Amino acid sequence: MSIALEHYLILATVLFSIGLYGALAKRSAIVILMSIELMLNAVNIAMIAFSRYIVPLMLTGQVFAIFIIVVAAAEAAVGLAITMAIYRRRETIDTTEINLMKW
Amino acid sequence: MTLKTEPFVLNVGPQHPSTHGVFRMRATLDGEVVVDIEPIFGYLHRGIEKLAEERTYTGVIPLTDRLDYLSSMANNLGYCLAVEKLAGIPVPERAQYIRVIMAELQRIASHLIAVGAFLNDCGAFMTPIVYMIREREKILDLFDMVCGQRLTYNYMRPGGVSQEIPDEFLPALDKFLKQMPGWIDEYDQLLKENEILLARSKGVGTLSQELAISISASGPVLRGSGIKWDIRRADPYSIYERFEFDIPTGTVGDCYDRYRVRVEEMRQSLRILEQARQQIPGGEFRSKVPHLIRPPVGETYAHIEAPKGELGFYLVSDNSIAPYRCHVRAPSLLNVTALRDLMIGWKIADLILIFGSMDICMGEIDR
Amino acid sequence: MKFERYGIGIAKGLRVTFKHLFRRPVTVQYPEQKLHMSRRIRGNELIWDKDKCTGCATCAKTCPQGVIQVITSVDAVENKYVVEKFEVDTGYCISCGLCIEACPYEALYMGYAYERAKYRREDVIQTNEQLLPSADRLRSGYMYPEIAAQLPRQTLLLERITEEEE
Amino acid sequence: MPYQLIWLIFFLPVISFAIISLFIRPLVKAESKVAGYITITALFGCLGLSIWTLVTVMGSPHHELDVPQISWIVINGFPFNVGIMVDSLTAVMLVVVSTVSLMVQIYSQGYMHGDPGYHRYYAWMSLFTASMLGLVMASSLLFAFIFWEMVGLCSYLLIGFWFHKPSAADAAKKAFIVTRLGDFGFMAGILLLYKTTGTLDIAELHHLAITGALAGTTLTWAAIGIFAGAAGKSAQFPLHVWLPDAMEGPTPVSALIHAATMVAAGVFLVARTLPLFVNSIEAMTTVAIIGGFTAIFAASMGLVMTDIKRVIAYSTISQLGYMMLGLGAAGLGLIHQGHITLEAAKAAAAIGIFHLFNHAFFKALLFLGAGSVNHATGTFDMRLMGGLRKVMPWTYATFLIGSLSLAGIWPLAGFWSKDEILISAMENQPFLFVLVMITVFMTAFYIFRVVFMTFAGEYRGGSPEAHDAHPHESPLVMVAPMVVLAILAVVAGLWNVTGHFGAFMGHGETKGFVEGFFGIFTHGLPWISLVLAGSGILLAYAMYSARWISPERIGAMFKPFYTLFFRKYWFDELYENVFVKTALLKGLFAGFEVIDRDGVDGAVNGVANTAVATGRTIRRAQTGQLQLYGLIMGIGIVVIVLAIYYLA
Amino acid sequence: MTLALPVKDTAQRIGEHFADAVTEVTDGAVIVKSEALFQVAEYLKTNPDFDLNYLTHITAVDYFDYFEIIYQLTSLNNNHSLLLKTRCYDRDKPVVPSVVGLWRGADFQEREIYDLMGISFKGHPNLKRIVMWDGFDGHPLRKDYL
Amino acid sequence: MMIFNPDPSSVRQMPTLAPDWPGGFWWHWLLFTVIIIAFVLLLVMGYIWLERRAMGRMQARLGPNRAGPFGLLQPVADALKVMLKEDIVPVNADKIVHLLAPIIAFAPVLIIFAVVPFANGALLADLNIGIVFVVAISSISTLGVFMAGWGSSNKYSLLGAMRNVASVVSYEIPVVLSIAGVVLITGSLSMNQIVLAQEIPFILLQPLGFLIFFIGGCAEINRSPFDLLEADSEIVAGFHTEYSGMKFAMFYLVEYAEALVISALITTLFLGGWRGPILPPWLWFLVKVMVVFFVMVWTRTTLPRVRIDQLMALAWKFLFPLALLNLFITGIEILAWPTAIAWLIPVNIAVMVILVLLWSKLFKLGWGRVEV
Amino acid sequence: MGVTIAFWILAVAAILGALGVVLLRNVFRAALSLVLCFLAVAGLYVTLSADFLAAVQILVYVGAIAVLIILAIMLTRDVQRGSPGNRLQLPAFIVAALFLAIVAFAIFQTSWQLAELPPPAPTTSDLAFRLLGDGGFILPLEIAPVLLLAAIIGAIVLVREK
């Protein structure tokens, strides 16, 4: 069985779902950030797979993947910085204890 | 940007590559920055002061060898001066010269180690210290020739020195005096102007004049801070008033100044050695001293400018053959007082550097 | 505008190390290559001249470490002490040489040899015959200039380097 | 020489700025004069190239050079082009800017000597000059706007040059904020134009406006927006309040930025976009009226100021009003004629720009003179000066020339340009004409009040903390630029005696020199204006030099007016107290509060109470846990996707 | 040559300022009451005639009846020195004032004396054992130790 | 006029010489895997020997001279000794991380050699992204060091690891920027193409880039004077303080293999790789690599170590702007003179000297007292 | 064939890595497992003949982001706490599973219009033309660094000591 587009898409979906679960169900802010990175990676796989199988000469998906990587880098930097700032202020990065936005 | 992290307690020592002995600093760090530091010692405590109370006046001399084991000759000299002062023993002219020659050679040897270790602490990978140990080796050869030992000389005695210098000593000394200035110049070439060394040591660990006086610092540490205080000049002992030499001082008292002061002091020591070599007279090497010295009741304090600073012996006699109390004023112990002030706010690397620039000998601190 | 000469300091240092690359090293290849020790070396053993010793135990009194033990009996006939046991615990000896200096009868010498490591603790305690001079237990010239004169001249690092360079 | 060299006009000061800020400032001690030399060298190059450009433009067929554009970025097929537009207007502006800038920089060598911020000063001056040159050369409104803002930034930096003085820092902020108000208009205009036409290329916009593709309300609002920007930069009523305060900056800065170049940028902008204005009678009328009103309004305040720089500053505002009036009147004249062509529209700018051209020289000269006086006395307060004529002959002579030129005395530069504006106003706006005739009198009076108070009579001691009780002539490096500018202030007007300037700008016939030089008096108007100006001078002489009339008496007599003028029509207070504090805080917001409390609240409270009760129950759901929200979002997505599939 | 200050005159001058602070004058040393020690030391340090700004060393001697604490003071500017002593008769709880406030160099030396001689220094900021370990019993340098 | 108007045909096509090494994928793969492993292991031993001998001689010592002729077998003896040593794992250590760390640090170093050409076309894979591959893969080793520092549960290790991360992350940037200069000239990312493009060695065309790459490379692999993460006088042995036996040997190997990587990269990027007259290409490659390494040893012998903040300052305030300027200047040169012309050599060297001097003036390593 | 094997290996590695991120108790190990996932994804890119992106993936994700995450883990000392889940574990699992099911369903339902062309072999230069050439993404490419710069500055400001 040769590998087709669906394989990659399913793989991407699985990764995305795992990331989704992690982002929703974890307490540690850093683990949540890691899960979000997973989701972004899943999107990248899908993008590149589309690019490869649907418009192989255009490379549009790859171009978008590059931008997603940029966004991911920015997100990691800012997200971790926020985590650090919160940690310094409140000595914890447990998201269940960070609920300033409540009410 | 400073990234504040958890305070972090780090034990530097007692076994650490660059604590120059079994010395321990409990450093509280913030990231790499030292927030607090506590020097802890006593790992090498042998109770020399207590032991001295049990020994004859002569028997104490081997103990003094083990104070600052990098400058045993100077320790011997200091102790013998104290005993001579206490018991009123005269010293022959030739012995005085031999003592000065030994003391100054010892100063060079000690400074070589100090400078080499300091540069090694800067991270110059072994090279300077290997070079400097090579030079020290030549001095040790001379000492070996004179007294048969390379580290614990036990050479001086109240009233002179233990033996006459051998015949081949003075020619060898001449040779050494001829070569040594060239070697010092070469070491200066190696690292004196090195940009990295300057960046590392200039302005680092600045010991202000006030603080230096307040902590009773002495030796190159005090002079590095720009205070022209040298006991050889201020209170000349032995025959130092006969020699011409300068007292090198630093300007701001940073690590670099202390390093430079030591190097310059080596040059000045060479000058003294030259003069002593020219003037050395013949005669007795030791005055007649009874085998067991019994000084009259009393107390005395004699101090010398040891390589590391003012080394003093405070002797109390009760007219027995052993000192009633023998206190050693150890320069390293007092110099180490400043560590906390100098190190706080610097990084770990600087901590090592500052410690290296103080040139501390644990044998002296713990005694 | 005055430009400082950046890098010159580093270059000078590099020159010094590079020069050393072509100098002869000072290392001594120890077991094959041995230097002559100082004539006055205080090697880590004592050599006892049984004949000269009177058993006065001045050395034992002088020793700051108390490593010398002299047990004597009185020989009433000759009116002198007989040394029954002359024991030196070399393990405690600090080679200060005070005993040699103190000996009024020139009966005690420092050893000239230095390779005297022992495998067992009790071997370092030397008694009577073990202390006598022999072919491999030469006497050092410490406090004895006449013995020193017979010993080979000390090798000086100072001279070795000088000879090679000139 | 290839046309690409024109780029150098812009890049030379940029390079100078880069060198100074990157290398000179960190590396060289503040005492060194290197920065000044670099700037002056760069500006010499600029001036040479500008003159060459002017000559080339004169020689070219349509007084326009075709310099190829560079595509910077293409968005959706729409290219943003980087280009320069070189026509007669640009060429004239280039010469003005580089000449004045060069003179000011040379002068600054003396004036700023020893200032700790010397290098910074030159860096910013270079940057300013570069931006100004970029502004006049920009071929696209987008780039014009960019440089416009850079000019504003430099102005801010330079007004606040001595930022340790609170007054300077405040003045800088004030200037920045007030001009920003106008810039909003400018930006809105640009956006409006871009939205309507899809281009920002000035030439294309001109074309669209002339052909009528761009017309009606859009055009009017766009033009008024642009004019708002221009009014902000050119300190037109009611945005004039910043300029007098901007005198806190170093005097050469005032001379360059707040007299000759940046404030004139507003006029330039209107001139540049005049083809847009002339298609909207409303916009054109606004320009004319604001200009004319500003002229007399500012002049009236200039009458009573005691600070020499402030007098000149108000004079600048007044003169800028003249220029606006000149543009407006010419434009209205064109509209009245009916048939509007691009050439005619462009040419209509000639009158205003000619005044700008002359004004730049004599006003810079006046400012430099004021700076020179300050250099000697340590103060700007005229009441502490006097009698400087003897000790500062060069300053006096040049200042006098500048004053005469400003007052519009024949045959100095000011006369010629002012006269044309008067003629144009008379033909198109009789009411404004009356106002500006009064202004002519006022102008002559206040500037000679300055001259007499400063230079005539006895020395009144200078600044209390002056280092030197004896004022002295300024050094050569300061006097020389003043002399050059004085010569220009005399001869610059002669360009259009023959009508050549107008022709160069694209309009009108030329005549012989002699005919123009003396023929002007065949009209009645010059006579009237000369008489008015003369009487102003006379009155000033009477009051401040000869003391026939006591100024105090006059002041007491016209006490209400004096107070009104002296307090600047309470404009600062108006803005501060009325607009900000009263109108906004008390009036508008308070009104809202009343409506809110009584009208809205009553109706709402009932609803609100219900809502609160509901909210109290529902808010439990809002736990502040982001993840819960995420979960619900996830559920939502799942539901939606399911729904889509179910429905499809 | 560092000049030893004439003890008689010095004692007299100290006595002028602090009545009965000086208990005894031996040849070479001035002995003051331990209560007045800090004030006397401060006077000696700050008075420009003495200007004894440099504390060469501190030591203590156990004479069975009393402890003698010895302060060797030096003036770096005037190059003279003075031996200042105080005595402490309470063998069980010997206390003398600390001079760390005047000379930081006294810090470790006082700790060492406390450690080895068992003399407490009142006012010392960090008086704990320095060479012996915490919990060590006794004071080795006392004559009655072993 | 378009400033940037890329056209595929305008990229200079390098003449590709046919690889003179055996073809066939699997054979090629096998051969080069063996060659690489042998090359790395042997050369690492050679490096250790060279470093110890050269350093010994520069320090007036002899260096290793007992095992084998001239002590050549000393590295072997060392390796044997260290492998026979007890493998100690601290009680509190994270065992798995502790175990994995040396492997993760070591593997990427080997992988990098896949794209290093030993002779024309003689490389495991002539990837068209060659140099990006190198940069990417080399960033993985950091992770190994990090894991070692973390997994040892030793404060010195942790400090060493932190220092390593800080320095590697900082120095990656100037290094990549200086590589970019080379890539601009070559127009290809492939290592083989880069070598083929070097009619003139790029050290002459890119002297500033070479300097930056050399300094940055030394810092990235923590060679003296940037050997902060194992600064023996400060933090004992840094991240591998707690390692012994085999694992320590791995780190030791990594250390020298990384040095090998950097010297191979410098050789390939700046010194013309395997190109050279007379001698066979692979020998040229070896000689150049050795020379580069000797310079590293030389500096290590001479220079003191910088401090961590000075290290960072050097990266961000000195190398980074210079690298940017270098890239900028190179870009202008490429645009203006698309073919590398010989007279750019003196110009570029002059530019380097001027820029370095100027920037040194602006830049101070800093005294760096932090107020607490 | 080779690609098929590679795909399955890499896919399994990626999923294992991803599962490790969410399941491992030790945060440090979770981060390492994330690195495994990233590396596997990079490998997948290679199988999709996106070699340049694979290198970029390693460079950015492994070289920068993972290191950053580990650094943050060290600085927050969070590793002692482990990585417990919150109360939403079960609903989150259900939502994730549902999401997976639906999207998988959608993927299989859609009939993809595949192009049968092989992709360009070395993508680097083509990618460059797509990004920088006419009608390319030059503006986004210029904006992206601005975004990054802003993010970096923001991060610095956030972690800076007040």
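Letters A, B, C, D, E, F and G mark the chains as written, and numbering starts fresh at 1 in each.
To be clear about the criterion, contacts are C-beta pairs under 8 Å (C-beta built on N, C-alpha and C of every residue); 3 or more make two chains touch, one makes a residue touch a chain.
It should be emphasised that the depicted structure is a prediction, and the values quoted were computed from it without experimental measurement.
Engineer: Could you tell me the least number of steps, going only between chains that touch, from subunit E to subunit F?
Structural biologist: Graph distance in the chain contact network comes out at 2.
Engineer: Mean of the CA atoms for each chain, then the mean for all of them together: which chain is nearest?
Structural biologist: Centroid comparison flags F as closest.
Engineer: Of the other chains, whose C-alpha centre is the longest way from the centre of subunit A?
Structural biologist: Chain C.
Engineer: Between subunit A and subunit C, tell me the centre distance in angstrom, where each centre is the average of that chain's C-alpha atoms.
Structural biologist: 74
Engineer: For subunit E and subunit G, let me know how many angstrom lie between their CA-based centres, rounded off.
Structural biologist: Roughly 72 Å separates the two chain centres.
Engineer: Measure off the straight-line distance from the CA centroid of subunit D to the CA centroid of subunit F, and report it in whole Å.
Structural biologist: 58
Engineer: List, in ascending order, every residue of subunit G touching at least 2 other chains.
Structural biologist: Counting only residues that touch two or more other chains, subunit G contributes 52, 56-57, 64, 71, 75, 86, 88, 91-92, 95-96, 99, 103, 134, 138, 156, 159.
Engineer: Where in subunit D do residues touch at least two different other chains?
Structural biologist: 27, 625, 627, 631, 634
Engineer: Can you list every residue of subunit E that touches 2 or more other chains, as numbers and ranges?
Structural biologist: Residues of subunit E never touch two or more of the other chains.
Engineer: Tell me, which parts of subunit G touch subunit A in their complex?
Structural biologist: Result: residues 3-4, 7, 11, 14-15, 18-19, 21-22, 27, 30-31, 34, 37-38, 41, 44-45, 47-50, 52-53, 56-57, 60-61, 64-65, 68-69, 71-73, 75-76, 78, 81, 83-89, 91-93, 95-97, 99-100, 103-104, 107-108, 112-115, 117-120, 123, 126-127, 130-131, 137, 140, 144, 147-148, 150-152, 154-156, 158-159 of subunit G touch subunit A.
Engineer: Can you check the complex and tell me which residues of subunit A touch subunit G?
Structural biologist: Those residues of subunit A that touch subunit G are 1-11, 13-22, 24-28, 30-31, 33-35, 37-38, 41, 44-45, 48-49, 51-60, 62-63, 65-67, 69-78, 80-85, 87-88, 93-96.
Engineer: Residues of subunit E touching subunit B in their complex?
Structural biologist: Listed in rising order, the residues of subunit E that touch subunit B are 1-2, 53-57, 59, 61-62, 70, 72, 76, 79, 83, 103-109, 112, 116, 129-133, 140-141, 145.
Engineer: How about subunit D: which of its residues touch subunit A in the complex?
Structural biologist: That would be residues 619, 622-627, 630-631, 634 of subunit D.
Engineer: Give every residue of subunit B touching subunit F within the complex, in rising order.
Structural biologist: Interface residues on the subunit B side: 2, 8, 10, 16-18, 30, 32-35, 119-127, 130-131, 134, 190-191, 194-197, 199-200, 202-204, 344-350, 352.
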